[in-house]
Amino acid sequence: MKTGIYPGCSLTGSARDYNESVFAIAEAFGLEFIQIPDWNCCGATAAHNLNKELSLALPARILAIAEKNGLDEIIVPCAACYSRLVVTQHELKKDPELKNRICEVIEMDYRGTSVILNVIEWIDKYIVPKLEEKIVKPFNYKVACYYGCLLVRPNKILNYDRVEDPQTLDVVMSKLGATAIDYPYKTECCGAGLSISRTDIVSKLSGKIIEDAEHRGADAIVVACPMCHSNLDMRRPDINKYWDTEFKIPVIFVTQAIGLAIGLSPQKVGLRRHFVEVKIS
Amino acid sequence: METTRKLIRKQSLEKLYNILSTTRKVYAPVIASDKQVEYKYNPAFTDVTFDHIRSTLSVKNVVFPKVENLFYYTNKQTESTITDIDLNKIQDVVLWGAHPCDNAAFDTLRSIFCWDITDEFFAKRLEKLVVIGFSCHLSDEYCFCTSVGLTPNSTKGSDILLSRLKNGDYHAEILTEKGNAIVSISPELFESVTNEEAEITSVKQKFNHEQVTAKLATAFENPFWVANSLRCIGCGACAYVCPTCACFDIQDEASGKEGKRYRSWDSCGFGLFTLHTSGHNPRNVQSQRWRQRIMHKFSYMPERNNSLGCVGCGRCSSGCPVDMNIAEQLEALQNI
Amino acid sequence: MARIGVFICHCGENISATVDCGKVAETIGKLKHVAYSTEYKYMCSDPGQTLIKDAIKEHKLTGVVVSACSPRMHEPTFRKACAEAGLNPFLCEMANLREHCSWVHEKNELTTQKAIDIVRTQVEKVKLNSALQPIKVPVTKTAMVIGGGIAGIQAALDIANTGHKVVMIERSPSIGGHMSQLSETFPTLDCSQCILTPRMVEVAQHPNITLYTYAEVESVEGFIGNFKVKIRKKAKSLDEKICTGCGLCTTKCPQKKIPNEFEQGMGMRPAIYVPFPQAVPNRPVIDKEHCTYYIKGKCKICEVVCPTKAIRFDQPDEILDLEIGAIVVATGFDIKHADFFPEYGYGKYKDIIDGLQFERMASASGPTSGEIRRPSDGQVPKNIVFIACAGSRDPAKGIAYCSKICCMYTAKHAMLYKHKVHEGRAHVFYMDIRSGGKNYDEFVRRAIEEDHVNYIRGRVSTVFERDGKLIVKGVDTLLGAQPVEIVADMVVLATAGVANAGAEDLAQKLHVSYDQHKFFAEAHPKLKPVETNTAGIFLAGACQNPKDIPDAVSQASGSAVKVAALFSQDMLTREPLVAVVNRYAPPMYSTCVGCFLCQSVCPYQAIEREEFKNREGKVVKTVAKINEGLCQGCGTCVALCRSKSIDLLGYSNNQVHAEVMALLNEY
Amino acid sequence: MTSLIIRAKELLENKTVQVVIGYEAGPTGVARPAFITDPAKAESLIYDERCVQNLAVYLTKREVKNIGKMAIVATLPVMRSIMMLISEQQLFADNIVVLGISADGKLLDIADNKVMQGYIEKSDLSNPEKYKGLLTEFNKLSPEEKFLYWQKELSKCIKCYACRQACPMCYCTRCTVEVNQPQWIPVKANTHGNMEWHILRAMHLAGRCISCGECGRACPVGIPCHLLTMHLTDQVYNYFKVYAGTSEKMSSVLSTYEPNDKESFII
Amino acid sequence: MSDFEPKVVAFVCNWCTYAGADLTGTSRIKYASNVKIIRFPCTGRIDFMLLLKAFANGADGIIVSGCHPNDCHYTSGNFHAKRRWIMFKELMDFMGVDMNRVTFSWVSAAEGAKWADVVNTTVTKIRELGPYVSYKELVNKSVEEEVKND
């Protein structure tokens, strides 16, 4: 079984903390993966609004390279990238004619054989089985698990978790010793792609997500998407300004929580890169 | 007519064939693409095979085609009119290269078709037929002509019988006036006979047909039939490849007011062969049909037609999909 | 020798304007076996029919071809005419010269030639027609009604009142169905129990009705007029003849914590129980699953306290064999449990309930004695939200269809709430209001205008709890699609009506078809809404699709009329155009080899097995046999049969073959 | 195959069965069906690459059935035939013992039909390799070439019906060709009549053919008539994703349907 | 070839296409007179052998038509027919029989215009294809070919 990783733009930019934590726990659990060579932009979140073929060709090229390199599965930590890759695989499987067209465009052979894993699927498959023996500091906190939109949608294609009340992240967190609170904002919109263009909307939407988590007494919001993280963390000053609040609840990646639980240093899992101070350790 | 013997050289044989095939219909064996040996009208000499043991089908269809129209009819509002087949349109045919067993079968067929009333269609076709037979220099484990009173170079049924010599030339036995007529087309091709010996295969005798016939007289209820026909699947292959099987079915076929009556081959191996309209079938199971087949050839025909219904060509056995080997069974019958 | 008469109709000028009728008659007249060929202006007129009748007698015709309009129009007319002249009506065929020839082609020789071809084809066919006799099937004049809800009750009473016997089977211990659970009914708000219970009693007391409660259909064989039904009477563990229904046992039963099905789980009941006070029959049953004696082997308190010693712990299930002539299926519906919709929080939060639970809550005899109280803390909700279409009309996640009743009962619920909690606020989220029905829309308007129910057009995205309140997040599409958030004390979900659990199983036992949602399928969506594809089995009520009470009752009466019509004859007469499997004398019996692949192509389960036995009684052959009571004559089995052992009367292999030959060849 | 002989002997000796249907070597060395009723004669049973005939054809034959309970040497096609015969009610599972033979010629332990079903499901059910290429090649021909090819081949047919008789699925006691009201198939063996016969045969085997190739092997004049049924087997799988003879409950493709069956030619 | 009048046989079910063709007539929509209809109760009743008989007796084209899926008067006859035609067409294609000459269609009782269209399209196509010579030759020559010296 050869495993590859597709980092996408976020993990090499705004979400280096996420990237560091993914690699840190992979190393701790003795997991290896190969970064897909010569990877390109997945097209999220703009391409599919503009040109369908382009939006399929970009991920198809990534998948084709992975196939060429004999990668049986690909981990895609970014939820947006994950969504684009899976949707592409689905569309091309459904329509062989379209597949042939896309193959012509990317000038590569594409068969659709690689299995695409999101970060939670990867954790479930490789980390959870060995988690218990590795935990040194149970993550004894109340957490609000925030899934965002792209990890579970479109449900018909991803066929992953319960779309309206997902549970997978909650389960992982409870295995770390955390208490996952009943959290109705799990899949509410954070503002996502409007992060740059309409910070006011992001502030409004993300503010509600944070407010409810704080209101319910959560110690942290746990995420598995770089976009969610940046909206809830990096945009916190804007949010507090918009709502005239002083929300202090930290936002951490599930991979960071795992890292901390197995005794990795906050430094090692990238906590220092956060905008909102993470007081838990 | 007294038999005359001649020599015909290898090269002359080709000449003879070419002369015949440019002037009349010659029915000669060729090896088809799928290795089956089949007879064709006027094939090129180079295509004609001289080294086959047996053709897939016998050559009986030159006198007993698998479909023969008997007459045409037209229906009017109140009456029908019948148009007979003009038998005079039946053409001369030279049968080339058939082996002694196949040629002997014409006599057997005659004993059936011209038993009391002459079958005009058969008789006319036989009349128009000249048989240039070739004796066998090859044989295989299915051959058993020697068990039914024939030999690989029997002359029975042939007008001319050719036997190959070691050097590739042929001895020709001119047996009938029809044969003579062939010789007279090109007498120069027929030279004086030499002492050289013909290559004739030897075929082991497997049973004595007279003893078999005698045994069969009391064997009707013998458990042998069931025991030895269990594997028979009841197809008609043996009858259809057989040179002496002569059963046929008569059918009318009409479209609109025009119609015709024809006959086509039938086989006693089929359940339908003896099925009555009532649903009763006197030969209800396969063992009874298998028994009928052997009885007919080795008991009823010797008794009624004064001829044996088998020439030992072995086609029924080699063509059988389930290896119903008639010689093996006759041998066993002889010993029960 | 066949003597065929051919009658060419001009249809005024409809045919003769393009077809040379004289030439057709003349040409056809020359065909073999055509004894008489003529033309006439209007064959269907009285003189035209007389012409045919006279010719039949005069020319001793053995077959008739009327060449006129479509057989779909006048075949019955001409067949009747032939019958009146003494010719078997099935020896008459029609050649369609009008719809298929003169009306669709120009006047020319080709058109006349086509007409000749069409007539000749029918001449060749009719030569092979055989005189057929109508099929007669005896009728057992007892109906069975499956299901004792309002539809079943109505059907049973209507049939019984026509003087025929009815057997009613009800799965639960009492009849009454969902209607008995309802508080009040729209649009009149009259009490459901008050109008239903007299009907229930009438069923129990009707001399023509035999009622079996706590009973289920075990198997159904046979066909219209002649069903053989086995029913399983589940053991009630008591002797109903001795029991007086005093109810002492139910009060003494130590096991009292069983969720009450009748109260939709909102109340508790003992192990020996009567489902509800007005139950018919008013006799308890022991729930073996929960009874301490059946679980642990001791207790028997009910036996001890019973004044008449009616308890029978060792009572077995009983199998009854019934002969039935017609079956009305009225098994009703169920509601979709809302826990498949996690965002609405049903099952997670106590104060989110479904419509039936609200009915029980609003019912005077219900768990709260008719007061609207939150299940979590018993408080009266001040703010209540009703969500219509909870899971309905949602092909993506829920159920694609509209359940039809929810709009109305949601309005009723809101209204009932307002009547009981005057100061409370009621909100209804809806997609569309579907209130078609007599006084229905007025009812909804009343809820909005008089009772001030707040109707919000839009869907709810999620419901969650916060600080003990339910936050209902939705959208108001009439206010510029603004998000709406309502802080509610209680939420009622109007979930979809779905097919009953066990509907599929029952459908298979009855051999009736059902749709993708497991609702029983009607024979024709417009013209046979009460019949099923299996003759003699009819549908009533919500087992076909969700229905309100008036619809269910109307359909029940409709099915009762169908049953009564069927029972009005001693023998059933059917067109004899059915399939037959050939038969021969022994030892052949039939050329059918008994592969029974035909059974799976038959939509009507009309193909049965027939066994032939020898003198020792050993089965020597098993072959197919068509039940002519069930066969509808589609002929799919005929085309499938490899040995050509099945043939279709009226469209026999010989006939259709002759038609092809005649159409393409000169005669 | 000593294990086969031992097993056959055992079955006959303890009277579990009255006859073992297997193969023996004929006098010319050809393997042929054998019907062993005497345990002492079990020694003559063979199993090797010569044993190609589909023995299942005998399971419906009256005289064989009359002997009593049967055991049958069964390669994959025979097992699939048995499944088909059971599903079409020509055979009862209780009446036979299956002496399964694996693809590499080993005796299998087929305790009951479940086991047999398991074995069949594990096996490759598509047409035999040796015919796949032939079918692919043939499908490349133009319609005219195909028409001419079959005319030439079918002109050889003598209507001996060996193809029908050798087929385990052609168990009808009366075949359509024997029906004369109407005369569906001309009695005479001319090319046109032969073609109608072979179309009929292939259609009747559509969804029922288990790809044993017996029809082609049995043909005394060498018509590759098995290609017709095998082509339909391919197409049945192509359209309906099923292979015949996988379970005793199966009903054939042409006697069932799915509302969403796909086709592209009905307008 | 200009005087070639194709012979087209239509095998139709009673409840949909036959009624649809009646509607074509009632609506007075004109179509080619080359087609002649044979009525069956249901497409499920149509034996594939009849199509062969039609070709054997000189038909140049064939139409097979019945109720749309889900509309069958007998609920499922047309579904069975559909499977039958799928197999039949595959076999005919494999044997080189010209299936361009066979039109399969669903024409409901309401589709009078569609029926006219189906007929006209088919007849036009058959006119282009010409008489089905190769099949006619197959049927007519055979006996004479087999009985070489008849």
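Each chain carries a letter (A, B, C, D and E) given by its place in the written order, and its residues are counted from 1.
The criterion applied here is as follows: contacts are C-beta pairs under 8 Å (C-beta built on N, C-alpha and C of every residue); 3 or more make two chains touch, one makes a residue touch a chain.
Computed from a predicted model, the values in this text were never measured in an experiment.
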{"item": "Topological distance between chain C and chain E, in contact steps", "value": "1"}
{"item": "Chain whose Cα centroid lies at the greatest distance from that of chain A", "value": "B"}
{"item": "Chain pair with the higher count of C-beta pairs in contact (D-E, C-D)", "value": "D-E"}
{"item": "Inter-chain centre distance, chain B versus chain D - centres from mean C-alpha coordinates, in Å", "value": "32"}
{"item": "Distance between the centres, which are taken as Cα means, of chain B and chain A, whole angstrom", "value": "85"}
{"item": "Chain B and chain E: spacing of chain centres that average the CA atoms, whole Å", "value": "45"}
{"item": "For chain D, residues that touch 2 or more chains besides their own", "value": "173, 176, 184, 188-190, 254-256"}
{"item": "Multi-chain contact residues (two or more partners), chain E", "value": "48, 57, 76, 80, 84, 143, 146"}
{"item": "Chain A: positions in contact with at least two other chains", "value": "none"}
{"item": "Interfacial residue positions of chain C with respect to chain E in the complex", "value": "70-73, 96, 98-101, 103-106, 110-111, 114, 117-118, 121, 513, 533, 577, 601, 603-604, 632-636, 638-640, 648, 650-651, 653, 656-657, 659-661, 663-665"}
{"item": "Footprint of chain D on chain C - complex, ascending", "value": "588, 591, 593-598, 600-601, 622, 640, 642-645, 653-654, 657-658"}
{"item": "Contact footprint of chain C on chain A as seen in their complex", "value": "156, 162-165, 182, 184, 212, 215-216"}
{"item": "Chain D residues within the chain C interface of the complex", "value": "88-90, 171-176, 179, 181-182, 184, 204, 251-252, 254-256"}
{"item": "Of all residues in chain B, those that touch chain C in their complex", "value": "75-78, 255-258, 278-280"}
